[in-house]
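Which chain is which? They are A, B and C, in the order written, and residues in each are numbered from 1.
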Amino acid sequence: MIEFYPFIIEAIQIVIVLLFAPLFVGWVRMLKCWFQGRTSAGLFQPYRDILKLFHKDVILAENASWIFRFTPYLVFGVTVLAGGIIPIIFLNLPFATVADVIAIAALFAIVRFFTALAGMDIGTAFGGMGSSREMMIGSLAEPAMLMAIFTVSLISQTTSLSNMADVLIHKEFILRPSMAFALLAFVLISIAETGRIPVDNPATHLELTMIHEAMILEYSGRHLALIEWAGMIKLFLFTTIGIASFFPWGISTSVNLINISAGIIFLILKMGFLGIGLILIETGLAKMRIFRVPEFLGSAFLLSTLGMLSYFILE
Amino acid sequence: MSINLAAQVNSIMAALILLTSFGLLVQRRMYGLLHLFAWQGLFLSVSTAIVGYVSGAHHLYISSILTLTLKVVLIPYILHFLMRQLHIHKEVEQLVNVPTTMLIGIALVIFSYYLTAPIRELSTLVTRSTLAVALATVMLGLLMMITRRHAVTQIIGFLALENGLFFAATSATYGMPLVVELGVALDILIAAFIFGIFFFQIRTTFDSLDVEQMTQLKEED
Amino acid sequence: MTLLILLSVSFIAAVVLAFVGDRKFAHEINILGSAATFIAGIGLAIEVYMNGPMVAGGKFFFVDAFNVYLAVLTSFVSMTTAVFSRRYMRWEREHGRVGHWGMRFYHAMFQLFIFAMLLALLTNNVGVLWIAMELATLSTVLLVSLYRTPTAIEAAWKYFILCGVGIALALFGTVLLYFAAEKVLGEGGEALLWTNLSQVSDKLEPTVLSLAFVFLMVGYGTKVGLAPLHNWLPDAHSEGPTPISAVLSGLLLNIALYALVRCKVLVDGATGTHQAGYIMMGFGLLSILVAAFSLLRQKDIKRMFAYSSIEHMGIATFAFGLGGQIATFGALLHMLVHSLTKSSIFFTAGHASQMHRTQEMDKIKGLLRGNPLVGWGLMFGVMAIVGMPPFGVFVSEFLILTATMKDAPLLTPLLLIGLGVAFAALFRRVQPMVAGIIPANQHPLKAAHIPVILHMALVLIIGLYMPSFLAEWFHTAVELLK
């Protein structure tokens, strides 16, 4: 029976991922409205958006190929798969043992690759532009992200996210400059990867500045719903990766109902706080010009490298 | 505070000093540079005080206070005053672009790490690991002086370099003898006044503090 | 006691002169102060000559044969420079090149500079040595920019930044030195005292010291003006007022070299190898060659002699690096005669450019006829500096060459090439300046005789016959530096 429970928890976790992701986005949007002194649309608006899109018809461009049609499903599926690997409420997930952080990074790379292909598939100017920008950001963000994660791996001597969190939970707490650097770098990368201000603005379709929105401009109906949903899940997952590698305390280590529910409560609390942090960043900064983005990601890379160096130098 | 915790806090300070060094390297705005420099001085001062506490070398408190007054209050104030007087607030252009500078900077950190490796092995102090950071700060200050062609930024680079030296003194040896520390502080103070005078001289003679214009003296062919 | 007088006179003079400012008698006070310093220096030298090395002021000061001769030299050259600057700076003031504040500043900083150099020489503390070196830089920076011309400010800025950075690296070296010393001598001020360090130098950690020496070499080497760190030197010498060029070239470079040699002794003791010596030889030789070939291209008279200073500092550094009885003796002698000769050359060069209102050598002509003292002074000065017998530089260079042939025969040709090229370059330039008829742009000038005559006479005497006390001093110093 013991072997069976983890699978149930895995299933619960995937459900949590699917459900909590729009909730988190809703929370972030609500906070943002409050910060800007507007009335918010409520915590559940993202659900309504997705639902609305599912009810609408799909309109395809004439020259859309199979890639264009196939991409939303792939993007959604792969993202959810990634959600199954990351220890969100429980450490020893069955999926987690087969894939490590590098695999997660690769999954996100697949998502990016196909979204970019789909963006170019129709042949509109915006799609291509968005794709090229997205690939530029990706090519800079991925090495930085791996460096940041590797810094944490160096401390815990493993690349599996579950084991990393496990080591952090059980080891004596030490102030580590390398972790601080890696965390900072990770925050910068997450902002770039999930298309938030100051790199990209998810709320506008301003032609000159948009990146992610430009790629998915031609999508509609359930395709768009899936992609939007996947985008929300991505934001959620980056947050949970951050939690697992930097603040794993609270994630359940045993198959135990109390622990699991405590894990869920901790998750909600942490997400709540991180949402506030995200909003503080977003309202505090202005969107930067696109050619400043390489510098932004360069500093992320610098920070993660410094993290790695200070592991060797200072610890 | 236990020795272990103090050592941890100290290495966090070291990390922050390193971070501000890099910040100085990539920051474009003048006032931003000034603030970063003041922060660096603050971290240095805190770190010195911590080391003084841990080691029981109480003269370090004096040098910590010296750093605080000189590097966090006085010199930034003087520079701020000068910048207002001379209307310097434009963005500084760099000779080398930012990513390249960063990469060189990282290479310098690694270089310092290897250079100080034999000392780290010989030392028994809890702060020994920060020596590499100190040397890196010195090197990064040098790099900043090379990549920036503005009188004010060169001075800030120079002062950051001196920060690195102070840091080296505390991390390698729990501080130089007090006479030396006081003397060095005095020298820095004099230097501060001298560059203040200099800024005015350069300004009145060249109409700008861009060091690029100062290229008249070279070997003629 | 004498030591205290020696140091305090120049400091007090600096303060007094800051208040006296631009008054008529400021020059005389300046001379008086330097003369008093010189007398105190002589007194100290006699004391050391009689009683041997001494430690004073709670171990804070330390005098031995090596630094006392440099202290006497420093106070002597500063005195003659003060005499020279009376006529020279008065002329500059009358011709409006320096203002009221400039003069006040000039006098005060001149004395402060002397104080800093003497402090650097006499202190027993390696850390204070560094502080005094930095003070010497800082006190001269604004003197280099005294004329406020764009080029002067550029030169001063370069001097400030390059020497600042260089000396900062030397501080890092000093920190490392302290790190090594602390292990042997325990914490606190005692660990930086030269007298303690030199006794335990064989116990210091060799790896740390060789790393420290690299930093010290680069740091103090910048101040010595060794290639490739010499960029500031020609600019600072050519753009500053001539008395400052004279003391920079004749004294400051010596002091920096002194600091370097002191450190080298410690490093040699610790490592037990000749590694530090090789580094110094490399830098020295490079400086000789770079300076010699740069000499060929010079158009500005003071700039040319600045390069000549680099060359001679290179020779001295090379000789110290070579080590051994003869070479070290030669190096010490070379520091002395170069200082005397070069400051005298700068005196005459300064007057020559005042007479022609320019420092461009093409426009300076007919000095022998226009002002025999300046003409002959420059002529003999250059003959001395290129190493012609019977002047003192010939003796020192001869000694160094002999030692090189013995210890490092393969380097002799390089050294000879450097000396030969410098010889040709300087002579080619000097001949047209001193010879010929008086050109239209030459103006008569009342030159300062005494300093030039005094210096050249001394150099000649040392070349012809070395006083026994001097030789004895040098021998003691050589023993110290082994």
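What we mean here is this: a contact is a pair of C-beta atoms (placed from the backbone, for glycine too) under 8 Å apart; a residue touches a chain by one contact, two chains touch by 3 or more.
Not measured: the values here are computed from a predicted model.
Placing every chain at the mean of its C-alpha atoms, the farthest one from chain B is found to be A.
The highest number of C-beta contact pairs joins the chains B-C. Chain nearest the geometric middle of the protein is B, using mean C-alpha positions. Taking each chain's centre as the average of its CA atoms, chain B and chain C sit 30 Å apart. Per-chain CA centroids place chain A at a distance of 38 Å from chain B.
Computed from the mean C-alpha positions, the centre of chain A lies at a distance of 66 Å from the centre of chain C. Against chain B, the residues of chain C that register as touching in their complex are 125, 127-128, 130-131, 134-135, 138, 141-142, 145, 148-151, 153-158, 160-161, 164-165, 168-169, 171-172, 174-176, 178-179, 182-183, 187-189, 191-192, 205, 207-208, 211, 235, 238-239, 294, 297, 299.
Within the complex, the chain B residues that touch chain C are 57, 115, 118-119, 122-123, 135, 138, 142, 145, 151, 154, 158, 161-162, 165, 168-169, 172-174, 176-180, 183-184, 186-187, 190-191, 194-195, 197-198, 201-202, 204-206, 211, 214-217, 219-221.
Residues 174-178, 180-181, 294-295, 298-299, 301-303, 305-306, 309-310, 312-315 of chain A touch chain B in their complex.
Contact residues of chain B toward chain A in the complex are 5, 8-9, 11-12, 14-16, 18-19, 22, 26, 98-99, 102, 105-106, 109-110, 113, 129-130, 132-133.
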